[in-house]
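Shared between the two complexes below is chain A, which has chain B as its partner in the first and chain C in the second.
Now for the complex of A and B:
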């Protein structure tokens, strides 16, 4: 480790740039698979495993890392343009990205997303290179009790952010958790809530849930108009030039500090195995809104509301690889596949990796950094042309969305049942959207349901069935207080705002009355 | 529905659709509890914890809604769930078409079913008179065949197979590609 200095990093980056011929195709492939629900980076890497293993350790790893990074960015593209996140990690992106698109600011929104993603990802990658061993310590402080609170915290945050009505948001989140609990239990394999379907014994598959809640419901909603754009938006999009794309980049760069701290939130959450990009992007969004001078603009197409989740979910990308390389615990599905590839080549991950194979260990992050640099050059020019998709009439878009995303839900398990399931989630999503229960809250619940149960069981096993174990940890108790505050503060602030508004109105009325009397 | 005022009076909201999710959540939770009532505690504990909170939240919501209805601020009409009315029929037809798509994809395969679905779906949404027939035909053909080539041939994904896929495979095999 002592030999690792600036000259080492300079040499490492120069060496990694030499793999541009692997990185650029991986970037485009990642953008495609990230943008289509059901085609995640992890699945694609698995499909291409024979190719990756044949490539050799270093090239294979560079390829996987580049695909991983660009797929994260790719997931934000349909989220912004048609309100359909490519993966759950982009579920917070449409909150402000899609309203921007509807206003005819598609090129700006994509440019903001690209800039935030690349700079957020690049920054966290560089940070990780220097502070990796310290960041990895986070894992040691979070045990099952703390993770239970983290999960509930995640749900409550999403409930307060995504839905206009907190009660509706909480119902949606807990309904999602209940749906996520469907399936055989982990110990005795007792089927629970499966409605008699064998296909649900393994739990509710996530892709049909994502496809149904976001894509199918959206397709049934967009047919209400001829275009997804507003009238003004159509005019703006018709006249859109390169200037709009650069304006988006400028808007994002002006908020560089926002990119910095929200991507660092993503990094820290990414280090926690299982927490993932979905939670990170919502936490970043909520924090961004809390500290904003204009919180009322969030959800209406606000730049900061798009910068925060996009920076954070790319921060997660670097974070998930930290526990893999430092302590040998993969932080997510893609990291787990990388572990398999490394083991295939006889490499044991863990602290020794940085001493025995520093070029490989640090090379993972240098290839990530190089990927982000090349992504700016290759992806940014596409923003203007990609956003043109919003000009297409909904008459053509809706059937294409339905057919291709439904087939996407078939892909992971090859069950036609999953397509019916996606349609059922589509109906739930449609009702939720029409009535103000945000679909993102339901989806996050479905994702966290099985994880929450695992942590619950672990905590109860350790405490011999004592339910009070959930209040037994200091960190956990601090998180409980934060959870309650996150629910109470928005309510109290809203109450205070209403009272102030009522007081102001009363004062204005009295002044007007007084003025009238004087005259 | 919360966003649309009821025709009964200004400011009176139709909250019927808002109750679908909480009522559905209550029914599902009770059904879920019925499936775990005789299970070991490991299968119950998390579900009882989450389910109890969900029931509590749903009952609070139902009580608040009931109170608003009792005060005359809202009613329980189901207006708005399928609104606007001009699209309601097309939306239901598209739903029926989607159900048929899933039913037939296992029998006719991805390419043919997708072609038919996109073709009929675009016709349905644009209306027979206004439909650009040649464009719709071309789009349906290009998207279904393109989808097959991209996802099945290039990405090697398992899509439902039918006559077209089998014919394509046979052709590839006969030319020595398979």
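Now for the complex of A and C:
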């Protein structure tokens, strides 16, 4: 690794660009599979395994990396346009992406997503390339206790959502957490709350919950109108030109600092094996809102609310490959499948890979970087045309959403049960929306609840049931303080804002009174 | 930087297309019936009780890559993880037709222990399915992080375990490696706290991150990662080649080192089939058994295993009787530790 210098990286990038003919088809394939709920980079790589194994090791790896990166971006497209997150990692994307679409800002929203994803992904990839050994150190410091607090950062988003209607928000959140507790327990694998359904032993599957709560319930709702767009939105979309797409790119680039720090959140969380993009995007969204000057705009189609999850979930993509390459332990499902391919070719991953096959080891990240560069060039121009889908009448779009998502629910596990489950979640989501409960709060509970439980039970088991274990780590305690601060800051800011407003009103009243007296 | 092996040109495309059209026509034609009596006349389906990308996946692909030569058909693998392997078995018993076309691929050790802890509902083991083709024998071991752990020998671990409770990362509680750790603790008086981390990948991560004091898993994985993890103890009665033992840090054998009388605590991946399928189609079962046995003598299989950096000497064929004997022995030792495995002690 000592011989690795700038000239090495320059050569590496030049060499990787030579694989454009693999990368570009993989980008489009990744966009498609990412956009269809139920498909993902992991199961697509599995389906294409015979092809990938038949390719040379390097070409296969470049193909898989490009597919992985672009599928992450692809998952955001339906999340923004029709409120269907393609994967759990895009579950926070529709919170602000879809309201933008409804306002007729589909091209802008897609452009913001594309720019945030590519720049977030590119930045974290470059960071990883140069400081990989240091980034890998995260594994040594984020244990169960610390991860409990990280999970709570994401779950505290429920409280933020509940701010609009505390009782309903909390009920929705707890409902989601209860659903998340279904399945075999993490220690003795004893089934809980499965109602005898074998299909629920592994917990409530995420894709049916995701598409049911978001997409199917949305399809039930939009069928009540003629278009998913507001009246004003329809006019804006009809007149949309390239300018709107570039406006979106400008809006995202103006918030470059936001892209930087939210993608770094994704990178750090991605390095922890098993954490994943869902937690990263929720944490990034929650942090983004906490430190925003305009938190009240989140959930209404706010640019920062879209930038944060999209940058973060692409940051995760770079992060999950770090433990695979540095310590030989895959950080996620896709990385685990990549390991199968590498081992098939006789490559052992781990620290020695950087000495024995530096071109291959660093090539993973250079492929990622090149993919992001090619992705922005190839996908960005499509934003304008993709957003046209919102102009299609709901008479057509709602049945398409339902049928696609039902198929998508079936794909990951091939259980017909999952299709019924998606429909059941669709009904729950529809009732929740009609009665003012926030489906995102339910979903956060469903996604993050099992992860929180897993880390919590592990910490408790390690401490022999001592609950104080959650305060036993210095890093954990710092995170606890940060969590409390991030929960208190919005409240304090709001209180300060109200006091200032009251003071201003008082002063204006006094001035008016004074003016009146003078007259 | 090697050029890709995969080339798709006009000629291969046309050949592939012609083959596909011919195959489709044959399948639809009356001639198809003539082939139906030849087993297997279509793809076999293999249900795996774990997630994709793990050791079972790699093992299955390596074996199948050669077995298909003898069966003259291909395989469709489907993965049914969950509840420490129970989902896969319940699904197999629930949906697989007893026609010998659907097999199960599992890890006999942990999955047999599952039935010790909790009897399956709706079917009986070993009555309703049998393992018939063991692929490997992978003894359990205790390992630590090679660079960061303060433990240099198993005696260090035991000594520390007598002073404080050590956290031990394991794949799942009902696992031969977990049994080994429990037995060692009972014999030496050291206190070990088993932490199930859902799979080998997470167990390695738990040990590497320093959260676990040490880990216990099948030894082929630690041998493969010998530069990252040091093996401290092997739960087996025999030593292996110098090359493999070197990768295993020349770790001592449990019975020899501690004067214990444990049977070898091994994981053993194997194919299983419904007993009903064997009874209804003994001819098909015979073909499966005979062709599977041929794989172990095939140099291609050895090459595939070695290419994946797995130790060839752990690849050991076992027939239905050997599999049944193994399952019986693991159930017997599981019964001894049932209280600990089920969290009742």
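Everything that follows uses one rule, which is that the second predicted complex is superposed on the first by the 449 of 519 C-alpha atoms of A that agree within 3 Å, B and C clash if a C-alpha of one lies under 4 Å from a C-alpha of the other, contacts with A are read in each partner's own complex, and residues count from 1 in each chain.
Rule of thumb we're sticking to: a residue touches a chain if its C-beta (ideal position, glycine included) is under 8 Å from a C-beta of that chain, and two chains touch if they have at least 3 such contacts.
The model shown is predicted, which means the values in this text are computed figures rather than measured ones.
Novice: Name the contact category of A:398: first (chain B only), second (chain C only), both, or neither.
Specialist: In the superposed model, A:398 contacts chain B only, not chain C.
Novice: For A:416, using the defined touch cut-off, is the partner it touches chain B, chain C, both, or neither? Pick first, second, both or neither.
Specialist: Only chain B is touched by A:416; chain C is not.
Novice: Touch check for A:140: first (chain B), second (chain C), both, or neither?
Specialist: After superposing on A, A:140 lies in contact with chain C but is clear of chain B.
Novice: So, does A:5 touch the first partner chain B, the second partner chain C, both, or neither?
Specialist: neither
Novice: After lining up the shared chain so the two structures overlap, which partner does A:432 touch, if you call chain B first and chain C second: first, second, both or neither?
Specialist: first
Novice: With both complexes superposed on chain A, which partner does A:193 reach: first (chain B), second (chain C), both or neither?
Specialist: It touches chain B, and chain C stays clear.
Novice: Could you pull out which residues of chain A sit against chain B in one structure and against chain C in the other?
Specialist: Correct list for chain A: 186-188, 190-191, 414.
Novice: In the complex, go through chain A and note every residue touching chain C.
Specialist: 15, 42, 46, 51, 54-60, 139-140, 142-144, 183-184, 186-191, 198, 201-203, 273-274, 323, 327-330, 333, 336-337, 339-340, 343-346, 348, 350-352, 359, 413-414, 454, 458, 461-462, 464
Novice: Give the list of chain B residues in touch with chain A in this complex.
Specialist: Within the complex, chain B contacts chain A at residues 1-3, 17-18, 20-22, 24-25, 28-29, 31-32, 35-36, 39-43, 45-47, 49-51, 53-54, 57-58, 60-61, 64, 80-81, 84, 87, 90-91, 94-95, 98-99, 101-102, 105-106, 110, 114, 117-118, 121-122, 125-126, 139, 143, 147, 151, 155-160.
Novice: Could you list, by residue number, the parts of chain C that touch chain A in their complex?
Specialist: Per the touch definition, chain C meets chain A at residues 1-6, 51-54, 57-58, 61, 78, 80-84, 86-87, 90-91, 94, 114, 117-118, 165, 167, 172-174, 193, 195-198, 201-202, 204-205, 208-211, 224-225, 227-228, 307-309, 342-343.
Novice: Within the complex, which stretch of chain A touches chain B?
Specialist: Checking each residue of chain A against chain B gives 39, 44, 47, 167-168, 170-172, 174-175, 177-179, 181-182, 185-188, 190-195, 216, 220, 223-224, 393-396, 398-400, 402-404, 406-407, 410-411, 414, 416, 419-420, 423, 428, 431-432, 434-437, 449, 452-453, 456-457, 460, 465, 467.
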